[in-house]
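Below you'll find the structures, each written out as structure tokens.
Here come two complexes built around chain A, the first alongside chain B, the second alongside chain C.
So, the complex of A and B:
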């Protein structure tokens, strides 16, 4: 059991790093943006009409914006440590409240994307690996190389033009039913499947060439049992391990796909917060995305350990 | 980490063919980006509102956008811009990455651990998130974007350089050279560089593809370069409202991105480890 604790401790350090990094950049952002932060906050709280010099002074005194920088920095980090994310400068609502809704929407999208990528990538990879060096293998390789060379927003655009404009089967944008999840989910799934199909193909080809598979065949096991008993689990190890790499692609892709499809998720919120210079929202959304990223990575670590106990024993 | 290979041991001739194809595409793009703006006299910013969204292969070779600006001229300028910015980003990531990697491998111990911790810190966040945080300081300007991209990408060069340099420096012929009194510059140039160069070449070709994708993506979500600058990502954003009438116009910058990234990926050869 001790073996699994070490990677988890690493993830805990990573989570702390994410929190500190995002917090420090946000603090710098608060003070580096042009204009007086007290004025900005007063304007967002009371509206442009009631934004007077006195209001700004009250905000300055209340939030301690007139105190020395190191004191303010310590306070900022302290608030972060107690998960006090402040209020959005645009809507005035508590950041945590908005994050809850956006993160929920994004997790649905991420789930749909992962499920669709499995449905696309695993069969393609399995087929290519079982026919290594032949036509299905070459076709799968060409598709993967092409998809990796396309930016996410172009894949999404092509899908919109084909499925929403020409065929009219699916909505081009929006949020509501499962149909709205399909196009953005599929956009992300294509990019994810480009990698997972290659890994599945390599793992399948390697496993099928392994001595233990040859032995299982020699001793007379039917092909179905060879694949099920000896193939699948061994081939699954690298496929799950590479999930960690895919998460990077997923998080980056969500930011773009949510903007393209006007999907009210956390990536969309981050982009809008940056454009509107809403620092508390920038910090909140970046933090939520970063910490979710670390958490899911920890889950992948646990999955890998469950699939391949040798790694833990090592 | 699992090594992913493109195909089951491709014959050397096929590998050369792929890289050759990549080299041809990249050379053609560089020519288009540098010579294009000189040969195509049309101003990429000149509007011809009577001819907005002109069809391809008419008065304008590749048609015009919604302001009647020549798409051919805009694409040529955008190609030069993207390649230059990507090259700058790759240099900004590779130079400190390789330098720190060499230093960490040469000195070892404390220096090595500090550089490693710095790399882990950068990798804690997905790269684009880091770039977005940096871009928030000054949306629409290239400098913070460039710093963010270089900061997110140097780790790869650092890790590869450090690993390669460590294994080379531990070999007996390098030890012999050290004992004979050859200094670090000689060892770096004659013993280390030949081993390091091909790996770095592959990384840099992939890095060019990654940078082109990142720059166009950031412009697309209105955080990178802004219109009216002719840039692939922002051209797509500008033309996006017309995707029903003129899908080919919207996708023309996308085709350029695809060609560029594909060219660099083919040039790089094997898939990234």
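So, the complex of A and C:
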């Protein structure tokens, strides 16, 4: 048990470090960007039609943007210690409230994308690995290359045209129900499945060529049991590790997918917050993302440990 | 556990809604995100969806008409305005619309709204009337009150610190659910003072991508889709289920010119710049709307300000070169013009809130190159235009200027062409005569004199070109045929949900 707790304690320290670093770095980066923050905030608040230099001056005075930077940073750290993320400089709503909606929506989308990608990528990879070098393998490779090479934007538009405009089965955009999750989820899932199917294929091919599989076959186990008992679990280790890493791809893809499908989410929120120089929002979203990474890594550690107890023993 | 509950809620939300009462909700999609509940931020969305109202509004022809105020009058000394409220009006929380509540809401809106730009002395309640006093006679006050920043919200809409925390308005629809920045759902408010709308429910979804909006219109998922990209319009026009409306709106895409820069301080240089622009080409190829080439600042839709017999701005690169030579610019070795050893290299700043602006900027780059001007394009944040105006670093800014923010263009003109110029208008240019004209119009004169003054003002701007008009603006809207006849408001104040009579 202690063997599992130790890495978890490590992750907890990591989470704390991430929180502080993310806050500091995003604060520093936002202030290093060219352009007057008061102007940017005013433009995002009021839009180009109503934005004037006077509006920017009012924003500067209201938010105290001319105070020394260390004072502004200390304020954020002080608030964070009491779990207060502050208010968005643009909308005026508490950052925590906005994150609750956006992080929640993003998690649903990420979950849907991951589930769909596993449903598509794992069987395809397993099949390709079991028929390595033959037609199914070549087909899976071609599909993976094509799907990974297509920009998310293009995949998404093609899916909208097919499923929303031609067939009329699914909504083109929006959020709130499971049907709204399918198209954006599928768009992301294609990119994810492209990679995970290749990793699965290689892991499966390698495992099936391993001596212990040859032994299992020699001792007379039916092929189904060879694959299920000896193949899948061993092949799963690299696949689970890669699924964790794919979070990076997910975050990147979400920025585009969220705006294409008018889906609320943390990627979209972060981009808008950066454009608007909405520092509390940037810090809040970056914090949420950083902590999600730590959490996912911890889960991947646990899964890998469960799949392969030798890792813990080491 | 919370996740399971959230899952149940999501599944419930997915169930078809609105079938029982008044048919399917009217679904509006538009590019604008709901950036907050304060009227000064995304108030226009709540106004257009019929949630909140102003005292005065405009009809589609641009005439001021009563809204929350049933009538108004101006005192003989022209300093006091009296607005009589509708006694039957109610806020969405059931409370009565009192003069005190209205005065308090307007007072709050002065901080960030257009009322802060009017010479107001005081806003007060007097019995059932709201009385507004101005320091000087100010004729466009009712037009200023029609702006969305002067929306009237209930006292309960504000928290203890005066922040708006809910949109409790008086309009025909009230908020049933709000998920900023993307979605607003509204339902019919039975306590509205006007005739009951046929539409029972409606939703607004901010869809940032133009391609998605067009596809939603095509699939029937959007009943009204706003802000369509010109390239998607041709395809939608072929769809029998969709009617595409191209409505000229009082907005002009123009080049803001730094008339203090050595490149543009001579009026001949500004005229040459104007002659170098092929407006017809831009209107046809980029905007897919040949009629939108701007021959002058105001489009024909702004009948009071458009001067029909003004010589339109034209395209003549040879004449442009001649004028530049006259102003002392000679071709250098690389074909770029030079004056006293200074090459004609300038930058245009623009922004992508309107997706066609960067495309127009790159076309201008090619067209200016043809007369020997080296233009670099910087696509940045919209705030870089006022920032560049203030610090003097701006050469040229390509902007889409809204002249109906206060429905009377006078409001925008006073802001843009005053003695100090304006963030979105003249820069290092002013005309005492124009300043006088605008001030006189602001104080109020009789109709015939006003018409003559407006004509003179437009002529001054056309001759001196402190800004160079490029293209007028068509608002592209796709409407599903199930909505029946649709009227698009050129002032973008209302989506007209209260008067829609959906056929299905």
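Everything below uses one rule, namely that the second predicted complex is superposed on the first by the 240 of 314 C-alpha atoms of A that agree within 3 Å, B and C clash if a C-alpha of one lies under 4 Å from a C-alpha of the other, contacts with A are read in each partner's own complex, and residues count from 1 in each chain.
The rule we apply is simple: a contact is a pair of C-beta atoms (placed from the backbone, for glycine too) under 8 Å apart; a residue touches a chain by one contact, two chains touch by 3 or more.
Bear in mind the structure is a predicted one, so any value in this text is a computation, not a measurement.
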Go through the superposed model and pick first if A:187 touches only chain B, second if only chain C, both, or neither. neither
Looking at the overlay, does A:33 come into contact with chain B only (first), chain C only (second), both, or neither? first
Could you look at A:165 and tell me whether it touches chain B, chain C, both or neither (first, second, both, neither)? both
Check whether A:58 is in contact with chain B, with chain C, with both or with neither, and answer first, second, both or neither. second
Please work out whether A:179 is in contact with chain B alone, chain C alone, both, or neither, and reply first, second, both or neither. second
State whether A:101 touches chain B only (first), chain C only (second), both chains, or neither. second
Going by the contact rule set out at the top, does A:234 touch chain B (first), chain C (second), both, or neither? neither
In the superposed arrangement, which partner chain does A:252 touch: chain B (first), chain C (second), both, or neither? first
What is the contact status of A:292 with respect to chain B (first) and chain C (second): first, second, both, or neither? neither
Chain C-contacting residues of chain A that also contact chain B: 157, 160-161, 165, 259-260, 275
In the complex formed with chain A, which residues of chain B make contact? 1-2, 4-8, 120-121, 124-130, 132-137, 139, 209, 213, 216-217, 220-223, 233, 236, 240, 243-244, 247, 250-251, 254, 257-258, 261-262, 265, 271
In the complex of these two chains, what residues of chain C are touching chain A? 6, 10-11, 13-15, 29, 32-33, 35-38, 40-41, 111-112, 114, 149, 163-164, 179-183, 205-209, 211-212, 215-216, 218-221, 351, 353, 380-387, 389-390, 399-400, 402, 405, 415, 423-424
Residues on chain A engaged by chain B in the complex (per definition of touch): 14, 17-18, 21-22, 25-26, 28-29, 32-33, 132-133, 137-138, 141, 145-146, 148-154, 157-158, 160-161, 165, 195, 198-199, 202-203, 205, 238, 241-242, 245, 247-248, 251-252, 255-256, 259-260, 270-271, 274-275, 277, 282, 286, 289-290, 293-294
Within the complex, chain C is touched by chain A residues 35-36, 39-40, 42-53, 55-56, 58, 90-93, 98, 101, 104, 108, 157, 160-161, 164-165, 168, 171-180, 259-264, 268, 272, 275
